[in-house]
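Both complexes shown next keep subunit A, but they swap its partner, so subunit B is in the first and subunit C is in the second.
Then we have the complex of A and B:
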């Protein structure tokens, strides 16, 4: 799942650095994720994992890092396996 | 005989408003800083009302500050906007600097000395997006240094301190920003642009080349992204709306005085402007309700950083700004139509030209197109709140 998230981030995140250089817990906003791009990443994730982010997850914290996004998606899909 | 001086916040703001009213036309005509009104704010100690009582302030809520903005805005838009912008900067310090030694001590100074705070978020080359910086703060041991081509620093020449954004370090991404407080003795300003505008002339929002050096502890400890989301954007939209409401209220009051004067001259005949006045009153109530609802939402979310940085909250605050900035123009235009040539002319008791010119700034300070673009992006994932009461 993390790899899939990394691919989406690489495609839609508009980051000035390669996603491979970011650790799972690296701060994506500090890495240059804009609020516009974070929405595009959310859309990409919603499509890829067939989930919908509820409003309580639509905040900066949910998209702070690759690990945080993974937790949010796991919470929505029930488990990491279910999404694979 | 002793005179009783009212001490409530509204009474203090009313006294400032009375001073601002005397000089408003001159401030506008000369495009000069509303010195008398700001001196009155200092005399009434209004510059520290938002600061916690423990640091010498009065713990005022944003709604109380908004009321003061509206009262002053009814006399002089520029003075009210200076007051609003000062408190927008202060909200960032109160929300994000309270746990920090230097910033707490600085708030104590703002209270004791009634310091006026200005903002430098705009920079040549960023295209108006304050969530981007080109300049970077340089940290050298315990010192930080910053040079910024700040194309707008409202009342920069009159401020006692400037809160300024930059990239967090030389290698930081353009969105990885910090905000730093520099006091007047720590920077130089070299003027690059002159603020000669249609309206809001007294905010003196000239452009400056800023060069500052200060102890690095003056950098706010939170990323600017969080400061922007959790205090600055919301308080900007709400306090600006309060100022704009004040401008519109005064235009409608002038139009109403005009209609009433006509009605008294010919009892039994409804004056021609009366119907438009009813329409203006209706729109005014919309702006008021919109602003109050936004203030309530902010006060309710204030203690919860997650809620403050949620999309739903951002959409709500964006909507407050769009609605008030657009609607005041419709209202003031109605007032102008009611009063006619006496409103179009300067120097009559019914003049509305200054109001109309000042109000035109509302759609531009953070362009409504940019805000709508931001909201439209958020609405791709955020689902509309379908409740009425919430």
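Then we have the complex of A and C:
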């Protein structure tokens, strides 16, 4: 799941650094994720995982880090691929 | 009859606004215009000494600049483009025949290079970027324009063509956030002087769609937008009559606005919804300016 999220970030995040250089808990906004790009990432994740973010998850915090996105997607899919 | 219609009817009946048959598109009487002119002089009294560079643009902007602004990403539902007939004689005949039978004669109109200005400051950013780096003290600009937003409504405070007065500040983060705070303080003071009850609240722009929900939440989480709210058609749901916006370095990066040292400029703007302020005054003090409270009349420069 994390790798899929990293791929989406690479495609939609518009980050000035390669996603591979970012740790799971690295602050994506500090790494250059813009407000608009975070929306693109959100839409990309919804499509890839066939989920819909509810209103209470549509915020900066949910997209703060790869770990945060993973937690949000796990919550939405009901899967906990913690071992991945 | 709901309260919104009744205020609009009172405005029509008193002649302050003039019905055109389209919701949100109104004529204004001389008295209405005079209130706006006087309130603008009050704005000048507060902001005039700051030394802002005044610029006035017509209510249409360069379509290329509009496209660069990203407005269609965030507010496609509000935009208005200017289209014109660009055909020859045969096309003209078709056009007239189409109109004759009440057909959709507009479908063959072509987009021009002009888009209706959505906010007074939009033509400013490319203009300033073209000049090169900002001066050491940053930039401060005074703008006013009719603006268009496609949102038909019978709420007189939600017009499709309305005027926005703005001050825009460019500089460091500290500089522009201080500018914004100064105007939040001034806004509260100004409205108290003209006898209006106000509240200040964190706000968000009407971003489109689900992606827009996230943009709006982000904007709120970061306290990027505040609005000064005044009762116009409803005390329970007061109307935003001023807004105070901190764009971080988004516009600086988008337009290539740089400080003297080369850093990307931060920007902020304060906007006055001039019609909304005038409507708030009429709603609060009555349709007849002669009967407004003496202290309010004095602040606005009416002779008693």
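Going forward, the second predicted complex is superposed on the first by the 79 of 84 C-alpha atoms of A that agree within 3 Å, B and C clash if a C-alpha of one lies under 4 Å from a C-alpha of the other, contacts with A are read in each partner's own complex, and residues count from 1 in each chain.
Quick note on the criterion: a contact is a pair of C-beta atoms (placed from the backbone, for glycine too) under 8 Å apart; a residue touches a chain by one contact, two chains touch by 3 or more.
Quick caveat, the model's predicted, so the values are computed rather than measured.
After overlaying the two complexes on the shared chain, residue contacts for A:60 are found with subunit B and with subunit C alike.
Shared-chain residue A:16: touches subunit B; no touch with subunit C.
Taking subunit B and subunit C in turn and counting the residues of subunit A each one touches, the greater count comes from B.
Contact with both subunit B and subunit C is seen for A:36 once the two complexes are overlaid on the shared chain.
Residues 34-36, 39, 42-43, 53, 55, 58-61 of subunit A touch subunit B in one complex and subunit C in the other. Remark: subunit A residues 15-17, 29-36, 39, 42-43, 46, 53, 55-56, 58-61 touch subunit B in the complex. Residue ranges on subunit A touching subunit C, taken from their complex, read 34-36, 38-40, 42-43, 53, 55, 58-61.
Within the complex, the subunit B residues that touch subunit A are 131, 168, 172-176, 223, 225-226, 229, 306-307, 309-312, 374, 377-378, 380-383. For subunit C in complex with subunit A, the residues that touch the partner chain are 70, 73, 210-211, 213-215, 217-219, 221-222, 250.
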